[in-house]
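First chain A sits with chain B, and in the next complex the same chain sits with chain C.
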Partner chain A sequence: MKSPVGILAASCHLPQHKRSVEDLFREEGVNFSSHVAARLGIKQVPIRNGQASESASNMAVAAGREALQRAKVDPLTVDVVVEYSIMPQEYLVPVWNMSNKVQAEVGASKSFVVGFSGGGSSNFMVALSSAAAMLSENDSMKTALLVTGDTTIPGNRVLNPDDPVTVMGDGASAVVLQSDAPGGVVIDTELWSDGNNHDICYIPGGSLIHPDDISLYRMRLDKARYDAFPKAETLRRLSDKLLERAGLKFSNVACVLCSNISSQDEAVMQQAFEGKVSPVCASNRESHGHLQGTDFPLNYLSLTESGSVKQGDYVLGVSHGMGTTAAVSLFRY
Partner chain B sequence: MKSPVGILAASCHLPQHKRSVEDLFREEGVNFSSHVAARLGIKQVPIRNGQASESASNMAVAAGREALQRAKVDPLTVDVVVEYSIMPQEYLVPVWNMSNKVQAEVGASKSFVVGFSGGGSSNFMVALSSAAAMLSENDSMKTALLVTGDTTIPGNRVLNPDDPVTVMGDGASAVVLQSDAPGGVVIDTELWSDGNNHDICYIPGGSLIHPDDISLYRMRLDKARYDAFPKAETLRRLSDKLLERAGLKFSNVACVLCSNISSQDEAVMQQAFEGKVSPVCASNRESHGHLQGTDFPLNYLSLTESGSVKQGDYVLGVSHGMGTTAAVSLFRY
Partner chain C sequence: MNANIGIFEANYYLPPTKKALSQVFQDEEKPTEAFAANVDFEKDIGIEALHIAKNETAADLCINAAKLTMVKSGIDPKEIDLIIDFTSIPEDYVAPTWSAAGQVQKAIGATRAFATAINTGGCASYQTTLKVACSLMSANDRYNTALLVAGDKTPEFNHNYFPITVVSDGGSAVILKKNMTKRRILGVEVATVGRLHDMWFIPGIHNRKPEDVGGKYPRWLHVCGDVQRFNKELIPINLFMFRKVMLGVLKQVGKKMQDVAYFVYPTFSAWDLKAFCQAFNLPLEKVSTENMHHGHLQETDMVVGYVDALEAGRIKDGDLVMLATNGAGFSWGASLVQH
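This part shows the complex of A and B:
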C-alpha cells in the first residue's frame, strides 16, 4: 500500500425478528439433536419479515446510509460503491446488481459501481483488496462504500440438512473505506483459490442450465470435499505469508476475526490461530448464525465495542470461502 | 498507473455455427423488416451447438488457454483470474463462478479468482481497471488473466422484441495483462454509474424474487429509459476527462472501439467521437452481433490485425453499459 487506506466506519442492518434454530430445523424437516446443536453453536438467526423494507437491497441501502453517516461522509464524495453480496440477488444480470440500486438510493451519484460474485464469504476481502488497490493507486479516488445484503432462500436456512454445516440468517452491512483514514488501516490482503472446488457449493436452479426447476433452487454442498479442504491450514499459511510481507510475526497479532459458521469451524480456527480468535465471533455466531457477507462487519463492530483492542493493534480477518477462495486481511486498529 | 500494465495477448473462442438474424427473428416470433435490419446492421451471430464443449465456461476455458499460449505465459505464474461475464452463468452463487472453473482448468493454481457482475458490457473495463490497479499496486503480483464466457438464453437472442435493440450471440474471450508489458498499455480507465438505471435491463426470473417462473427468465429492457440515457455524451465526457488526466487531447486518439450493439448505436458513437470509431466494429457487428463481454477483445484483435494502428497510437475503448455503468479505457499500442 503506497497510501494507507482504512475503515472509517461500518454498519450492520439486521431484521428485528429472530427465529430459533430449533424452529428452523423443524420447519425444514431437519433432525435437531443436542449433538448437532453443540456442533453448530447457533441459537437463533435474524430472518426477514417478508416486507419490502427487509429485502436484501433495501437493507443494504439502510446499512450504506448509516455507515456514511457514522463516517461523516457526504454521499456525493463517494468514488466507488463496491458490492460483496454472496446470496442470490433479487434479480439477475446483465446490469442488475444491488450495488447500482444502493448507489442511487444513498445518493452516491458521482461514483461508479462494482459488483463481485462467486467468492462466498471471502467476497468481502476480495472487495476490500480491490477497493484498497483502487484508492491507493488512483489519486483521483479517495472514498469507497462497500456494501452487502444477503437474504436466505426460504426453506433453505440449514445448509446441508443431512449433516448440517451452518444455519444462515438475513442481514446487510456496509463499510466506508478512505485513503489516509486515521485507523482501521487495511495493511494488505492475501487471497488464494482452489478452482477445483468451483462446484463445492452452488445453487443449480435459477441458472442458465436449470432456470425452471424450482426444486434445484437450493444451496448444494459437497460435504466430503468441504470437509477435506484444509481450511485452517490454508488460512494460517496465507496469514503467515501476509505477515511476513508486512514485516510482522504472528505474535504481533492481537486477535483474529473469522466467519460465523459453527462452533466446530471456530474450534479448528482457534487451534490454527493459537487461541487468538476473538470471543466476539462465538458470541455473534450464537446470536446471529452465519450472515454471509455481514459476518465480518458484525464481528469488527463488536470487537471495537468490546474495548479489547487498542489503537495500533494488529487484527487478522480470515475466511475460507467454502473451500474455493480463501482470504486473509490484515488491519491495524 | 505507477507501473505500466499492458495487454500481452487476447483470444476469442466462438461457436463454429452461425445463425442468420432473419432466422432468429422468425424463431422468436419477431417481425423482421428492412427498416429493423438496417437499424441493427447485424447479419448473423454465432450460436452454440448445445454441446458441453460450447457451454459458456468451457468456451471461457478454451479462450483462457489460448490467450496464455499466445502470451507465452505459464499458467502457474498467473496471479489472478478475473471474470467479466455478463450473461447468466451456468450455476448460481455462493461460490460458483466460471472464474473458479477456469482457474482450475487452465492450471492457474497459484492464483486467486475474482468475479464481477452487474455492469453489462462495461464489466470488461471494470475488470481491467481493477486488475490494472492490483497489478500496479502489489509488487507481488505481475500477471492477470481476464476471462468471459457469455451464452444467450434460448428464445431470447433478440433484445426487446417489440422494438429490437440488438441481436445477441454466444462466445468467450480472454485477455492476459502483465505489468511492464511491451505494448497495449492500459493507461487509465474512467467509470461512472447512474444507479437510477439499476432496473433498466435485467432478468426477473431465476432470481431470489422469482426463482420459479420460467416465463420471467428473459432479459427485460426499459426501452424508453434506455433511449433517454445520454450514451454518447456521457462516453465523450468521460473520455475527455480521462484524456485530460493523461495529459492528452482527443486529437491524439487514433481510434475508438465500441460495443457491437447496432448500426444505430454506432452512428451515435461516430458522431460523438468525430468519426474515429474503427471500421472493425461495424464489420464485427455485422458478422457476430453483440457478443457481450467478447465485443471488446474481438474488436481489439481485429484492430491489431488490420494494421491500421501502429506502436505508440492511442486507442479508446468505450461502453455505455446499457445506461447503468459507462466506461472508457485508454490504451497505448
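This part shows the complex of A and C:
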C-alpha cells in the first residue's frame, strides 16, 4: 500500500435495554445450565426496544454520526461508506442496503457506497481491508466511513439451541478511516475462506430456495462442521504469515482482539495466541454477548480506553466467520 | 491505482428456456401507476423474450458462468486469489448472512482464493466491484488474479420491473489479471444518491403481509418501486448523474468523451437507450445494442454487452471502451477499458 491508512475514530451505538441470558434461554425454550453458562461466559446482551430509533439502519446512522464527530470529519469529505453487517436488514439485501440510507442521513453526499456479504464476523476485516486499499490506491479518495447495524431475528438469539454456541445481541458501530491518520494504522489484513463450508451457518428461509417458509427464517448452524473447522489454528497461521510479511514476530505483538463469541472460543484463542488476547474481550463478551461485526469496534474502543496499549504498539485483530472465513488485521497504535 | 490490471476474460451463461414477453405480461401483475415517459411500456420496450431459469438455482447460474469463463481463459482455478460475487437481486439464501461466493469457490476448486460478495449498487454493482477489486489487487502483491461472478434468478412472476425494464435470468463472470497490456482498466468512477434508498426495494419475508400468505407468489420477494418518486426524483437527475460519473472517470485518466470508441450500456429499454444516446450525442453504432434481445440482466448487462460487442467485432485493438450503468440504491458507475 502506498500511503498508510489509519483509524481516526470509532463509535458503537447499542440499545439501552439489556436482557439476561437466562431470560433469553427461557424465552426461546432452551435449557440453561451452569455448564452452558460457563461455556458461553455471557451474562446479558443489548436488545432493541422495538422503536424505530433502534432499527439496524437507524442505529448505524447514529454510530456513523458519532464516529464522524469524534474524528472531527466533515461528512461532505467522506469518499466512501463501507457497510459490514451480517444479519438481515430492514429490507432484503442486496437490492436494498442500509449504506445508502446511512450515506444520506449522515450527510456524506459526495461519497459512494459499498457493502459486503457472506463473511460473518470476518465482514469487518473484509470491509477494513477493502476500504484501506481504496484509500491508498486512489488519489481522489482520503476518508472512509465503515458502518454496520445488526439486529438479531427475534426468537433466534441463542445460536444453535441444542448445543448453544453464542448469544447474539443488537447493536451498531462505525469506524472512520483516513489516509495518513496519526494512529491506529492498518498495516495489513490477511483474508481466508473455505467454500466447502459456505452453508455452515446461514438463514435458509425467506430467499429463493425457501421463499415462503417463515419457520426457516432463522440462523442455522451445522455444529459438527463448525466444531471441525480449525478456527484458532487457521487464525494463528494467518497471523504468522501476516507478521512475517510485515517483518515482525509474534513477540512484537502487544495484544490480540478476538470476537466475543463465548468463553470457550476465547479460551481456544488464548491458547493459540499465547495468552495475549486482551481482557477487554472477556469483559465485553460478558456484558454484551456477540454483536457480530460490532465486536471488533467495541473491543478496539475498550482497548484504547483501557490505556493498556501505548503509541507504537502492535495489535492483532482476529476473527472467524461463516462462509467459512478467517481474517486477521495488524494495527500499529 | 495500478494501471496494468485488465480484463483477462469474460463470459456469461443464459438458461436456454425463453418466455415471450407477451406471456410475461399476461402472467404477472398489471401496474396501475402512470409512467412519465411518453411510451407504451409493453409495446415500445424493444425486448421480445426473456431467459428463464427453471430448476437451476441462482448459484447454479453463477457457477455455470464462472466455469464457462474459466474454460475460455485457460486459467487453473487454483491461480485465483479473489472471488467477488456481485449479484444484485435475492440469492438462494438470505443476504448478507450468506452469499454465493463460497459456493462458487467450492464448485470451481479455487482453493487458494478468498471469497466474498459486494451487495450494493444494484445493476451498478459491476462498477462498484471493479473499483474494490482493482484497489485490492493494486494494494496487495499477493492478489494477482480475481474472479468476479454474478447469478440472478428472478423470483417467480417478478420479471416485470415496471416502469424500468423486464428482466431475464442469467449469470456472468469476469477474470481480472495484473500485468495486462490490453483490456486495461484505466479507471472506475462510482456515485451514490442515498436519499433514494427506499424507492426500489424488496420487503423480505419478515415484512410480509398476512394477505400475501398462500397467494399466487411470494410477493414479499418482489421488487417494490415507488413510481411517483421514480418520476419526480430519479428521472430528473438520471442523465446528470451519468454525465457526472462518465466525465469523472475520463478526468481521472486524462481522456475526453471523443476518445471513447465504444460504450457498453444496460438493456433497460429501447426508449432509455435512445435517451442515453441523445443526451451524449452518441451514434447508435457506438453503443451496445446486440444484447437487447437477451432482456435486461441486472449487473450482468455490463458483461453481456461487452462480450457480445467483442464477438461482433465492434470493439477493436486500441479502442477505448466505456462501460456505464446505474442501479438501485441509487448508484451510477462508469469504467474505462483500454484495448
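As a convention for this text, the second predicted complex is superposed on the first by the 328 of 333 C-alpha atoms of A that agree within 3 Å, B and C clash if a C-alpha of one lies under 4 Å from a C-alpha of the other, contacts with A are read in each partner's own complex, and residues count from 1 in each chain.
In the analysis below, a contact is a pair of C-beta atoms (placed from the backbone, for glycine too) under 8 Å apart; a residue touches a chain by one contact, two chains touch by 3 or more.
Keep in mind that this is a model prediction, so the values were computed, not measured.
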item	value
Chain B and chain C placed together on chain A: clash or fit?	clash
Touching partner for A:R48 - first (chain B), second (chain C), both, neither	neither
Partner chain in contact with A:A133 - chain B first, chain C second, else both or neither	both
Touched partner set for A:G321, first chain B, second chain C, both or neither	first
Contacts of A:R332 with chain B and chain C, given as first, second, both or neither	neither
Contacts of A:T151 with chain B and chain C, given as first, second, both or neither	first
Touching partner for A:A56 - first (chain B), second (chain C), both, neither	first
Touching partner for A:Y202 - first (chain B), second (chain C), both, neither	both
Touching both chain B and chain C, residues of chain A	1-2, 81, 83, 86-105, 108-109, 111-120, 126, 129-130, 133-134, 136-138, 140, 153, 191-199, 201-209, 211-212, 214, 217, 219, 322-325
List of chain A residues in touch with chain C within their complex	1-2, 81, 83, 85-105, 108-109, 111-120, 123, 126, 129-130, 132-134, 136-138, 140, 153, 191-199, 201-209, 211-212, 214, 217, 219, 322-325
Chain B - residues contacting chain A, complex	1-2, 56, 80-81, 83, 86-105, 108-120, 126, 129-130, 133-134, 136-138, 140, 151, 153, 191-209, 211-212, 214, 217, 219, 245, 292, 321-325, 327
Touching residues (chain side chain C, partner chain A) in the complex	1-2, 57-58, 85, 87-107, 110, 113-122, 125, 128, 131-132, 134-136, 138-140, 153, 155, 190-198, 200-208, 213, 218, 221, 223, 252, 328-331
